[in-house]
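There are structures below to look over.
Two complexes, one shared chain (chain A), two partners (chain B, chain C).
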Partner chain A sequence: MANISTLNATGAAIDAVGTELASGPRGKKPRKVLSRRNVMIYGILGLAALYYLLPLYVMVVTSLKGMPEVRLGNIFSPPMEITFEPWVKAWAEACTGLNCDGLSRGFWNSVRILVPSVIVSIAVASVSGYALANWRFKGSELFFSILIIGAFIPYQVMIYPLVIILREIGIYGSLTGLVIVHTIFGMPILTLLFRNYFAGLPEELFKAARIDGAGFWQIYGRIMLPMSLPIFVVAIILQVTGIWNDFLFGVVFTRPDTYPMTVQLNNIVNSVQGVKEYNVNMAATLLTGAVPLIVYFVSGRLFVRGIAAGAVKG
Partner chain B sequence: MPNPMPSQTGRTAPAPRSSGRPNQLFRNLNSKIALIPMMLVAAVVFFGGTVWTVIYSFTNSRLLPRASFVGFDQYERLWSASRWIISIQNLLVYGILSLIFSLVVGFVLAALMDQKIRFESAFRTIFLYPFALSFIVTGLVWQWILNPEFGVQGIVRSLGWTSFTFDPLYNPDIVIYGILIAGLWQGTGLVMCLMLAGLRGIDEDIWKAARVDGIPMWRTYLFVVIPMMRPVFITTLVLIGSGIVKLYDLVVAQTSGGPGNASEVPAKYVYDYMFQAQNLGQGFAASTMMLLTVAIIIIPWAYLEFGGKKRG
Partner chain C sequence: MTDLSTSVSIRDLSLSFGAVSVLQNLDLDIRDGEFLVLLGSSGCGKSTLLNCIAGLLEPTDGQIFIKDKNVTWEEPKDRGIGMVFQSYALYPQMTVEKNLSFGLKVAGMPKDEIAKRIARAAGILQIEPLLQRKPAALSGGQRQRVAIGRALVRDVDVFLFDEPLSNLDAKLRSELRVEIKRLHQSLKNTMIYVTHDQIEALTLADRIAIMKSGVIQQLDDPITIYNRPKNKFVAGFIGSPSMNFLNGELAEEDGKKVFRTNGVSISLAGYEASEALTPGRKAVLGLRPEHIKVDGDVTTEQAHEAIVDIEEPMGADNLIWLKLAGHMISVRIGGARRYKVGAKVRIGFDMTMASLFDAGTEERI
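Here is the complex of A and B:
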């Protein structure tokens, strides 16, 4: 992309050619670090960065203050006295309705939802992607097209029929039901991800394995799986953040005692009864955001790849 | 940005040559078994579920779905409900503004990031981290920052400007802008990333040529680079567009649709009528309208993207 210094160099070179061998230094003066252009670029980026960082800062600062200090002052000022009590309270004592055992319940519910959902959805989607890439049959592409179009359909359209189906099977409201729901709605994007990845692997490998007599599952387990660690990592990142952040399915498909963390957080913060404890609320919010944030900061570039793919999911 | 429907690079499994077996059913049997979940999901949930909802939107189902058809009654009621009209208006305002702002801000940030700057990855990390957070977290943080008593308004007032008013979440006229601020905070990072990827894909020679011709940088961006990035823009547009229609969690967390019903959105209307007001027919009709909206966004795009390619 436009590296300005190379452009300048090109320009200078052209000048030099045009005027043959002129004496004296030619071209523009070497640029200063504090040129107007740099000040502008870094100024705008810095301001934007400030806007993006501000909420995180406010969350952290508020969650470390005591309630008297919160009432007194400025949400941007650093705490005069750091206290971790709001964190303890958010984790273990905050109330939703009649239950006062804090966000910890929501956290463990979310973990119990997350682990099987991630495993099942990735297992199903990777096999589907593999079958679509290497073992097509008449009609397989049609179903795949429906699946991809389905990724754009608002969940609200499909949610009630799904409630009926799960109720008929008898797993509506249970953890199994929610795992199935996450598997279903994660399927379009994950299948697409795996299909494209497997289709990009060298075809000779597949052919050689076929000639050696390997079957469907053998090729998947012995050849495709070992070669596709990166795409599995991307899929895991995508699913962990997506499922952890889910709210709608949690509300619709679970009961109050199995609510995931996001739903419980919303109930704690937006409950109308009692005195509002803003510091506890912010600590709770941070706790809920912590898991995806950790995934984000640890995974770096892979995360970008994951969300670029997952953006389709909306 | 991955293309949702990549060109047909996949391979068909080698079909057995012997034509002795007439039964097509058992060819690729394992593959068919493996794809049963996907076929079920596609056919039953995605296709069947959608059709079912559309059909039942023409019934007067209340607590339970009943197949007693009443024509377009539900739609008439929907479009005469003030709450639905408000929802649609909100979605339009939010949608149009968030499209414009996220595209402009996302592009400008990406263009700045593309100037071979230092700390690029630090900036990228900062711009993108909100996207890792859920809408619930986003909504709650901004609810706190926009709190009139302690938040931005309170601070400006305590600095001496006592008549300063900035309380979007408590003012029905501007509440949707309060939600917009939070939504943009969460989503522009992604747009920036997509745009940056698009900019990186532009040939460096274009810039050299523009430089040689003495075209100022902003004009190069406006008349050369942006037209070249058309596919990126269209993809981003579709992504933001289909995301906007689904806007739900953010509103629930930030305002619960209030004050009054000033910040209601269609997705919330659907949920409330289906699961709380126990008026399923209304919920189905409203969700069918959402489907229609998405179709209006998606179909022209899909046609442009895939319709033309097949011929070419």
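Here is the complex of A and C:
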């Protein structure tokens, strides 16, 4: 009430002085839409987006053309006659070596590699991260340092020894072997990720759970896990894209009939016999890249929601 | 406190992290049903001591007994303790009810017993309407109440509080302070309470243990701590505004014991331990602002003249800073009495309430 009367009083005063005061600047300062700043920012952003989207556009367009049209060489022109033939061929008919069932075989191989690798690597790394963050034991810091050093060693160095180790154990060439390899190489970065996340949770929560009598696994499963959705989403994104896109381990540690999709894509694209079917190659590449793309689109949202949910203090 | 049986007993406890020694040969006996406050500035080891009692930290040496049982190697859950944390430490994904029942479920308690205990705790703490809410939907005071409830449902002998009110605003803090005191009066459990807030310590405690660098400086009831501090650290730590300290030496004039500082002699007539006052000894005289009388209130034979330097009105009280023989002395007077800066006043010291410390050891004389 007091405010209103003051306002009224001010209004009266302004009237008395004249309209000069009332017409002065007030509220938000208006900004020009086409200011130098806006032109620069949106111009550069637009150019960058164009730069990255153009190849994708060429791929999509080419994959929808028939070979006669591809041979014309107008790579930027849209297809005159849309055909899904190259997609069907890439998925189900393209030949790699002796098999002529397209990428579908590689897709299912990749799924069979991906699912256990992601689950096992995240399970192992989250428990080790939790143990390193909350259950400090003698030498835990040293163990952690060694693990981190592992992240900096180029893994090509370790391939030959690993092949020998897996051969001696007798799982070289099997999917189990590849899953183990993916788990091992996911450990350093994932453990670091989980350890830092768990170390960031309030220590008193852990203490309270111990006073409540919960043990190692109970605290992990009932206190820590429900609070860790965001970091699990991050880990899943990292692992799914990393393992799906992996080529080197796939080609080294599997046999031709269990090759993952990436290796098969390479074999389709690089096959030297006959005509280069650019439209089929483009379609095959788009199919192979689809999974990480979908993961980004789907989990990106979950990721933001997860962080928002995790930000509430208890 | 007629019951003299001990509830928690700490024997020769030491803890060090590498080369840093946090607790040194600490002994402490806490009586059954006692409210003990561990008071000290941050880094003095009070929270560390509490964590040792709770079993969350392993001591380097020494023993801990709870209810005459050696629990030094026991897990926290087997010690018969409940703990309340500064940050509440409620499980954010669980409702209040789940928060309260978690420990009981882990212990495998039957459902109807759990329900009974939750109902009782919720009744005592008046949190029944909140049971189905999640911690994020509670205010700070409500969260702390739930945290106390989590200790309550465990039906334990000893409650441990780790600065439970420090995250609350001033008004809520004083409200919950009263509630904790009421809770103690009705439950009569042993409570160990860590704080750096001297008001909480003085108002809540049966006994206060003042700690500094891992050593208990004084363990006494609040009145004794306030009026008869054992050393200069305790004297300066307790009391707000803090005690005035005057450096000088003991002397004898005309057969009477006096304290001489910057040429002024202050009569020590009335000081409790007059036989220990050997002339020539370097000493520090400590006087609380309310134990210095001004003008009309002066009852002692001896009065000194001082000049008002600054006045700090605080509502109920008025704190005036006086210049006396090169010292600045703060004096607490009634809020209605005002003085002009530069005015001359007569002051008298109440020696029965004064403290004298050895200048070297800083121990009470």
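Methods note: the second predicted complex is superposed on the first by the 265 of 314 C-alpha atoms of A that agree within 3 Å, B and C clash if a C-alpha of one lies under 4 Å from a C-alpha of the other, contacts with A are read in each partner's own complex, and residues count from 1 in each chain.
By our rule, contacts are C-beta pairs under 8 Å (C-beta built on N, C-alpha and C of every residue); 3 or more make two chains touch, one makes a residue touch a chain.
Source: prediction; values computed, not measured.
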Which superposed partner A:Ile223 touches (first chain B, second chain C, both, neither): second
If touched residues of chain A are counted for chain B and for chain C, the larger one: B
Contacts of A:Pro202 with chain B and chain C, given as first, second, both or neither: second
Chain B versus chain C as contact partner of A:Arg210, first or second or both or neither: both
First, second, both or neither for A:Ile171, with chain B first and chain C second: neither
Chain B versus chain C as contact partner of A:Ile41, first or second or both or neither: first
Partner chain(s) touched by A:Ile119 [first = chain B, second = chain C, both, neither]: neither
Where chain A meets both chain C and chain B, residue numbers: 210, 312, 314
Contact set on chain A toward chain B in their complex: 1-5, 7, 10-11, 14, 41-42, 44-45, 48-49, 51-56, 58-59, 62, 70-71, 73-76, 124, 127-128, 130-138, 140, 143-162, 164-165, 183-184, 187, 191-193, 195-196, 199-200, 203, 206, 210, 215-217, 241, 244-248, 251-252, 262, 265-266, 269-270, 278, 281-282, 285, 288-289, 292-293, 295-297, 300, 303-304, 307-309, 311-312, 314
Residues of chain B touching chain A in the complex: 1-2, 4-6, 9-14, 24, 27-28, 30-32, 34-35, 37-39, 41-50, 52-54, 65, 105, 108-109, 112-117, 123-138, 140-145, 147, 150-151, 154-155, 158, 185, 189-190, 193-194, 197, 199-200, 202, 204, 207-208, 211-212, 217, 239, 242-243, 245-246, 248-249, 252-253, 256, 267, 270-271, 274-275, 280, 283-284, 286-288, 290-291, 294, 298, 302
Complex contacts: residues of chain C adjacent to chain A: 51, 54-56, 75-77, 81-83, 85-93, 102-103, 106-107, 135-136, 150, 154, 162
Interface residues, chain A side, partner chain C - complex: 202, 204-205, 207-214, 218, 222-223, 226-227, 312-314
